[in-house]
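Next come two complexes, and both contain chain A; in the first it sits with chain B, in the second with chain C.
Then we have the complex of A and B:
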């Protein structure tokens, strides 16, 4: 352990910690562009200059300087402030200042730092540097060299995290720029992460291009429902429509990254043809009537099976299990959806909560399916044809009617994972909170309330709100599982 | 209790009334030779100062370029939320394609607008101005939600001496 003082505050840090990390860990913000906790240190941007041991002649870059015993660090001294102003003035000399048309505006560290630490005006009267604009690095990423401040986070992301070099720095001096390599457009399935780490609007997403300003969007901290990795994301919505997914840093799960497939999957949850009321035999019905019909059909539960989608939260599944057990349904199965996983983030299991379903006693559909009298399908899930062969009735609960809808005796409304509050358990058994990003609108209650109301008076009294069910899920899954920090 | 106001008792001269009539007519004759200030609306219209805050409109520059780049700051600042913008990308063959961005649609709801002028004040492109138009009417609510085309008709053209996007 090393003891040093930062801004007069004595702090203790591990050996090898940099000054910047030490300051951040103790609540003192040092501005930086090129450093990124998940890419590594480079030390080219000169934004993070601090004063060490009163040396104002030569300031130190805090991102690269390891803490030393007894160091006296000043992050807000007059010399540091003057240096920051100078560095920012150099950045803004050639930056086109076209924030009005830049998609990064609103989440741009250059904007933020220029406002907070910058000189406030410009002494530069010469012509600004010109460079290639609207360069398509791939069918997903567009590059504007005039906005680039050459922090090289993007090239270092590919080198250090993805172990490839599709782009690099070329040319010298004022013409220095990021260039696409000789192998053509970037094909990496994780390439959109560079638009998040780009501290200016040089790299922007073609998908989100000129779509909506960030300050009009509502961001919800939730979990990507695309696979069982459970990447932490922020889901942005504008007027009830999902507009984008962005990764949220969680060093234990996805660091700062997410896959492009997951990122671009937001539109899948903007439904146009959703089920807005309960249906009995194809006709719209009161929810209460439909629920009574379900209990009437299920009867004593003999020969009835439940097939639950693993896109349901643990709360939905616990309420479903409670109802099923109360009505003698013992065959609790969960669906399976797969896609091609890889060795970085994508898991082969394309649903977010298989581990949660298994923890709550749901099992995979057995190979030899017993003859069934009825089937209750909870959620949007592919149903093996063998299950549908012999049944007399089908109860289907899902956001959209889908293929099963017309065949269902009772059709109940449902929510997408982006409209739910609850818990997902990822492939490592880590419990993570899901929060709603959009509101489904009228006629779509939370999924777990349907099963709770079906289960009867006791469940209704036990679980007045989702918080109670989240507590019940915690108890049902036991205390030995890893709980995520966020 | 009611307060009794004592009336002034008129003397015999005042009781004649004729002097009062003459006095009144005298006033009328005097006004006839003063300058007229009543306008024959709608044939005659008032002339406003340049900074009069009438209905906001969008302007084009002398080359016919839409000055708005849909940065949406006016939408953000608008206190009654009268402005709604749908941003869009300029096609590559546009004469001002280097500006990249322009509004696909631009709506101002004049039933909501409070003519505060904050949109004009915040606009970094000098693309929206308060015009001198003050009469807005329609037979339906929708008539007073102006779209982009109507707003450009309202705003007209303004000479832009700087042309910040030229050569950018």
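Then we have the complex of A and C:
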């Protein structure tokens, strides 16, 4: 351990901790652009300069300098404030200041720091530098050279994280710019991460640009439902429409990254043809009536199987299991959806909660399917044709009716993973919290409440809110499966 | 009067001075072979330290000190990089050595590598030095053929390889860590220090980067002894240097003198006085990255590190630029700042954005659109650049700028159109020229 003082406050840190990390950990945030915890240190932006041991001639970059025993660090001294203000002025003299039409506005560290640490006005009376405004780095990414502050996070992301160099810095001095390499457009399936790490609006996603102002959107901290990796994301919505998925940093799962497929999958959950009420034999019905019909059809449960989507939360599945077991249904299966995984984040399992389903006793559909009398399909899941061959009745619960809908004796409404509340267990057994980004509107209750209500009075009394079910899942899965998402 | 002491330049006039035959005829490589056979590495480092030699590239660090920072116990190879990227405005001394006495450099390379245990040397030259490149390439080939490079040199078991690396001519590649990146084949941004190259340099291995003139001094020190060197010139900054004089003197050129002489004597004597009998206006004494001196300072300054530091300037790379009274100092600093803005690598924000901004402001003055508040602005921009970047390029840009703004403020004021100057005179848009 190392003891030093930061702004007069004595702090103790682990050996090797940088000044920036130490200051931030003790509530003294130092501004920076080029440093990124998941890309590494570069030291080019000069925003994080601090004063060490009273040396004001040479300030020290806190992102790189390790804490030393007895060091006296000042992060807000006059010399530091002047240097910071100077750096911001240097950034702003050639920055277009087109915030009113810039997608980054509202989540822009250049804006934020300019307000907090900047000079407030400009001493620059010369002509600003001009440069290309719309360079297509790929069919997903657009580069605006005038807004770029050359922090090189984007080039270093490819170098350090993706081990490739599709873009780099060309030219010298004030003419420096980020340039596409000789091999043409970026093809990396994780390229949109550079949009998030760009501290200004220089890199924009063709999909998201000019689409919605960031301050009009609601952001929900949830989990990407695209595969079993469980990337932590923020899902942004405007008036009930999902607009963006952005990765949310979790050093243990996805760091600051997510795949482009997952990121661009948000529109899949903006449904136009959703099931808004229960249906019995194709006709709209009261939910209570439909639920009674389900229990009537299932009867003593003999010959009935449940097939659950692994896009259900653990809480949905526990409620489902509770109902099924109370009605003698013992064949609990989960669906399987796969895609091509890779060696970075993407898992071959294209659903977020297979581990959770398995932990709660749901099994893969057996190869040798017994003859069934009836089938309850919970969620949007591909149904093996063999399951449908002999059944007398089908209960289908899903956000959209899909192909199964017309064949269902009872059709129940359901929620998409972006409307759910509960937990997913990822491929490593990490249980993470899922929060609704959008509200499905009237007629679509939370899935777990539907199964709880179907299970009867006891379940309804035990589980008045999702918190109670989350607790019940804790006990069902065992204490070692702890929720880690914040 | 001052007398030239030709040590480094002694062979510059020799016919066919670049060939190994004439170099060996003049006693070349004898010191190298004797050193390999009879001296211990630590002993050589100590000799160089005791000689008081300061690096000739600009920073003035003792090469003996740098060598002693190289770890002795390491599994990694060690490298010597000879910095021949000479591109400081007003500096053209290394070029002379490369073009007229390349074997003297290579003999220094051999001794230096032996001293700190380097097995490989890269001689880094800028591509514009076509003559120097040809001469050094030929010299390396001859040295290999004569057995001074390669395996088991002079039967001592010492192995050394020497390669010529040709850079694309960027000023920044003369910054030692940029030079390493250039050799490694990546964008030559200066590296953050620490780690210092002596510990973690080329390809992460211990590396020493020394200037051409510094290395060329080494054989002379080994041959004549540290005490001989320490007695040359000024006691705190001893030795001979190749002084590059350019500008408005009758005889510009490269002169070799011991340190400690009076700058005025150099201008009046060997340089033949001011051109066309004009008056002296200013001297930038150590390559463009040093602070300007006024005539009264020139009259009393001695050319050694303590003497020039006393006046707040530096010897740098010994590029002495002399300005006469017809020079517009605003124009002069604009010219220099265009150089720095062009050569800024663009890595650090203050230098990348600050140098072109300064150019734009100075250009306004020259175009007759200067404003009274611009002098303070220039000084404040400089304050926001100096000491705030990875390397010293921004510092080097700030020193001539701030000193010229401070010492020639009246010339800036005179270029502000129809405004009251600080002395109350009404200025005209044209430069007055008078100091």
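The criterion applied here is as follows: the second predicted complex is superposed on the first by the 483 of 486 C-alpha atoms of A that agree within 3 Å, B and C clash if a C-alpha of one lies under 4 Å from a C-alpha of the other, contacts with A are read in each partner's own complex, and residues count from 1 in each chain.
Rule of thumb we're sticking to: contacts are C-beta pairs under 8 Å (C-beta built on N, C-alpha and C of every residue); 3 or more make two chains touch, one makes a residue touch a chain.
It should be emphasised that the depicted structure is a prediction, and the values quoted were computed from it without experimental measurement.
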What is the contact status of A:126 with respect to chain B (first) and chain C (second): first, second, both, or neither? second
Look at A:134 in the shared chain and tell me whether it touches chain B only, chain C only, both, or neither; answer first, second, both or neither. first
Determine, under the contact definition given at the top, whether A:59 touches first (chain B), second (chain C), both, or neither. second
Partner chain(s) touched by A:93 [first = chain B, second = chain C, both, neither]: second
Winner by number of chain A residues touched, once chain B and chain C are compared: C
Going through chain A, the residues touched by chain B and also by chain C turn out to be none
Which chain C residues qualify as touching chain A in the complex? 170, 172, 187, 189, 192, 341-357, 360-361, 364, 371, 377, 381, 383-385, 387-390
Within their complex, state which residues of chain A touch chain B. 96, 98-101, 105, 133-134, 209-213, 215-216
Chain A partner, complex, touching residues on chain B are 69-73, 75-76, 87-89, 98-101, 124-125, 168
Touching residues (chain side chain A, partner chain C) in the complex: 43-47, 49, 57-59, 61, 64, 82-83, 86-87, 89-91, 93-94, 123-127, 129, 149-150, 168-169, 171-176
